[in-house]
Amino acid sequence: MSMWLQLILVLPVMALSAAVLLRFAGRRAFPQNAYWRDMPLGVAFGHVLAAGMLGLAVKLYFIDRIVFFRWAVHGFGICAVAGYLFRAAGRHIGPAPLRKLFRQMPLTAAFGILTVLVYAFIAVFAGWLAPYGQAQIFEAVNVLPGTDPAHPLGTDQIGRDIFTRLIYGAQNTVGIAFVTTLIAFFLGGTLGFLAATIGGRFDQFLSRSVDVLMAIPALIFALLLMTIASAWAGSERWLLTVYMVLIIALIDSTRVFRLARAVGSNIVVMDYIEAARLRGEGLAYLVFREILPNATAPLLAEFGLRFCFVFLTIAALSFLGIGIQPPLADWGTMVKDLSQFINFAAFSPLTAALPLMAAGAIALLTVAVNFIVDWMLQRSSGLKE
Amino acid sequence: MASIGNIILRRLALGILTLFIVSIVIFLAVNALPGDFAQAILGQGATPEAVEAIRRDLGLDQPLATRYVQWLWRMLHGDLGISFAQANFASYVGSASDAGAVTVAEQLAPRFRNTLFLAGVTAVIAVPLSVGLGILAALYRGSVFDRGVNIFSLVSISSPEFFLAYVLILFLAVLDPVLPSLSNIYEGMSFGERLFKTLLPALTLTLVVTAHMMRMTRAAIINLLASPYIEMARLKGIGPLRVILWHALPNALAPIINVITINLAYLVTGVVVVEVVFVYPGIGQLFVDSVKIRDIPVVQACCLIFAAAYILMNLAADILSILSNPRLRHPK
Amino acid sequence: MKERLLKIRDLRIEGLSDEQWWPIVRGVDLDLSRGEVLGLIGESGAGKSTLGLAAMGYTRDGCRISGGLVEFDGIDMVHAPAHVKRDLLGRRIAYVAQSAAASFNPAHRLLGQCTESPVQHGVMSRSEAEERAIALYERLRLPDPQQIGFRYPHQVSGGQLQRAMTAMAMVAKPDLIIFDEPTTALDVTTQIEVLAAIRDIVQQSGTAAIYITHDLAVVAQMADRIKVLLRGEEVEEADTRSMLASPREDYTKSLWAVRSFQRPAKPAVAQGVSPLIRLEKVTATYGQVPVLKDISLDIHSGRTVAVVGESGSGKSTAARVITGLLTPRAGRVLLDGVPLPASYRDRGKDHLRQIQMIYQMADTALNPRCTIGDIIGRPVEFYMGLTGREKRRRVEELMVQIEMEPGEYMNRLPGELSGGQKQRIGIARALAAEPRFIICDEVTSALDQLVAEGILRLLARLQDELGLAYMFITHDLATVRAIADEVVVMKEGRVVEAGPKDRMFHPPHHPYTELLLSSVPEMEPDWLTRVLEARGPSEIGEAAIAKMNNSESSGSPDA
């Protein structure tokens, strides 16, 4: 412990003195350069820190025991290159507006779009891509990855092919989350816009109800309702999955309602809405022709964020054992089932990586969607200024 | 203009009203269970005495409103009822249901303390770290540092909590056994030992919460730095440090406090998954176990506690931001 | 020649937009001697604020100085290290911003902010600086100068804040002050007070100043010399008096000429002719706050009634009552002598069609996702039932009427049009309903003068051709003079005075009308001096209004 303490105390002092030295040397070397001349100590410190981190990363890369770090670096590199190639392709192929879009796109967003496309492809063609059926059980139980060419990633404790289940996970986990988000959007979006347009008591009633529902943390509320749903579903396990979709859609629609109402009320105060009202236009015309076309950008961004949230909630529920029910393969449940493999890290790194693969598949998609949403939000806020 | 005291009182009243309505919602949800759930939950093998005990305990033959008032009354007195699992156990043993079984309150109290401890440790690490990082990212926005922090925080927001937890376990518990991967905490542990065992779950939660908090702090500060009075301060020749400390910080207080409290409220939800991963004996783990065996009184009580904590944190956020608003503190 | 303080040569500034650098200032030269006041004038987008800030060696985020020289008292402001610039700012060069309410830090008291720069630069002790600030408050005629510094910005009115900001700039005794549109956000009666205070104090202290504005009449009062900018380039520069008397360039001449557009008032309507629109004893409130108090108003066919008043006078509320957006507490609105239902929801399609509206902000009045053809076509389809080719022909007809090429603009979105063009589309949309009465709510106040004049001429022509009646809501008396037949002056929800235009612009007036008229700057360098001499410093602005309110409340028994 004391060694850690010393490290924590000594390291910053060393870094700080290195920063002072760096700045001094820089000023001596380039007395005319405004960057060095006006450099604050904080920036110099940042340079030193960055150099230190880089050094540490290089050192970790070459330690065989923690091969995981090397894999992570490789994965990161592959993602970056794939994103770059995808963007480069987009800049030269396709119609002009699309090319323009790609030209302004940051690398993160390009990577995000590529990842979403790949996931969508796997989800749609899972049955065709996977070597076996998702519920198919083999005799060989707990086959370690890399030992049997028939099962490249091995089998789990009851003998199901892990590679197959990873692929089907895309279909089940992503598909169910997508459907749930759609329902939530339909429900929350419609009510939100109606509340903004009609206003008055209707708005008051809906808004207060949503306030109450949102006062209960989402995951907790979902767990409570799932308890009741499981009593209703009884032994019909597929019914429980349907209930879960409905419950999460309901809980999430409150968040969508808030946003749709906020976006809607910002648009409703515009003079062109007043002009349409004074013309005598009906509610349907107002909502579909005047409000909705102006709300697509924020709604699309919100759809991405909501999808991530729903996706993570479903994964968490499945991980806790109360979400998507077997025999459907899904990543959350797989993490739970395979989690003990992590203790094999020292002997068989690939085995230990299995639960991380399932969890990483969840993380990668949410990261990708978040990258896209981040870019969209930046674009729309940039246009405003 | 209403005085600041009035505004706060009104907000407090609203908070209590929300809590009250939420309790109704939870009560109604539980009562939406199909049929006579005492029978349904205990299953066919339950002894008639056990079923009868639960029926009596819940007063199932009385009207809904009466039951709610009674339930609320007992809740307010700290009587959260008796766990089905415990009641079941007691009935098998053969003792009277009220005497031998551990009540929900007794069951929850130590776990609630553990959860608070975990949340507290997380807050102590996460709050200074994220506010500091957020301010730095805002100051050096557009730099490599800012972009790096941005990507890192996006990744950690996007990852499920159990992913972060297993990555930390892999590196810090399996490959380099620095910290224990199981947080078996029990009564009478020394503080240092308890802290040591809590560190890994706390670090996981820190990763999640820090990313959120940092991004929100950064956004709040950038928003502030774009305001005309900051430009005015720069045009008055004020140095960068004083611009931050004297001009930006007093106005940033409200948004930062807001960010912190909102994220502490978020911690309440976050503990559930993390407690399960690390087998941490907190209220979240108990909650999940009870959901699985449909132990209604415990589920109900946990739900109420989580909701209450969440509502109170949000209430605190609102009141603090009212207090830090100069327009309200110094009325015309 | 006096000692030169500021020298700018071939200054070029670029702004980042759409991933590209666009020129904002394209090679401007500028010289300023000690104690001299230079007026920078130009329309929006002329680059005048950017130039003003560049004189301080400062560029906003997303802008950069791409070439040229800025020299303040021999110091190169473009290349000077940050700490050298910082040392000059606030101490020797000070800045007064357009929006005082946003430029004061809401978390600190006025006095602390006013004394900050001399104290931080170490040129004065805190008590010295406070003493000087209080002395400045007094000279700027702020009420209660000893105590006002202990207030927070939100506790002080807009006109007072603007003067407090001038004091903040002056405390450190700078050599140069940049005034960036300091009175643009203020009402006219407040503006004159701030103008007088700024001019006196600049003259007394002998600092040099750059006064940036879009208002010619204002700059005529303040500046020794005037420089006219257009799209980042200098048009011409001359001494104020000679510039006003004989502008050289065509652009400058056209700027001057705008003020001369004036349409003769039509003869008064004969007795007994019933008005098109009549407001009868209308009283309206927002919640519990009364905004209209017992208003009566007549508008006849083919006439323009200008409703004049400052912010909060209730002029826009009157329009909301006529259109039915706000239900009055008492009174009614008659169309052709027939009472209209109070709410627009209860009015028939034909009633709605006859009353149309044109808005101040053309940006928010047109749906950004609809093409021009759809925007104008919708009322044609909705009211007239025309579709397909017929609808298209009618839309083209309307576009010709507003002097826009149908083929070119039909399929564009509002975002691709200039401010004036958008306003024309708003007019076409109103015309498409074939109304008899149009409410024009500050339709020219967001536009540059030249563009505004075009809109006024168009409206006048349409009135002659179609026999429309206008209710013209405005705060700008020049606009009233240009287009009105009759004038209604409003103050705090009441009609103060009403009558034909010619009578309104000639005395005797109601005291408020008098104050309003005398507060409007005129294109004459001696106007401010004359008004101050005639009325005295305590008879303008807030002080005068307060006095008027006192005498009214003591004079009328029902108040």
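Letters A, B and C mark the chains in the order given here, with residues in each chain numbered from 1 onward.
Definition applied: contacts are C-beta pairs under 8 Å (C-beta built on N, C-alpha and C of every residue); 3 or more make two chains touch, one makes a residue touch a chain.
In this text the structure is predicted, and so the values were computed from the model without any measurement.
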Touch graph of the chains shown: is it line, ring, star, complete or other? complete
Nearest to the mean of all protein Cα atoms is the Cα centre of chain A
Whole-angstrom distance, CA centroid of chain A to CA centroid of chain C, is 48
From the C-alpha centre of chain A to that of chain B, how far is it in Å? 22
Based only on mean CA positions, could you tell me how far chain B sits from chain C in angstrom? 51
I need the residues of chain B touching at least two other chains; which ones are they? none
Seen from chain A, its contact residues with chain C in the complex are 34, 37-38, 104, 270-272, 274-275, 277-281, 290, 293-294
Touching chain A in the complex: which residues of chain B? 18-19, 21-22, 25-26, 29-30, 32-34, 37, 40-41, 136, 139-140, 143-145, 151, 154-155, 157-163, 166-167, 169-171, 174-176, 240, 265-266, 268-269, 272-273, 276-277, 287-288, 291-292, 294, 296, 299-300, 302-303, 306-307, 310-311, 314
Could you pull out which chain B residues touch chain C in their complex? 226-229, 231-239, 242, 246-247, 250-251, 326-327, 330, 332
Quick one: in the complex, what on chain C touches chain A? 19, 79, 81-83, 323-325, 344, 347, 349, 352, 355-357, 359, 361, 364-370, 378-379, 382-383, 429, 433
Partner chain B, residues of chain C touching it in the complex: 53, 56, 58, 60-61, 85-91, 94-95, 97, 99, 102-108, 116-117, 120-121, 152, 154-155, 168
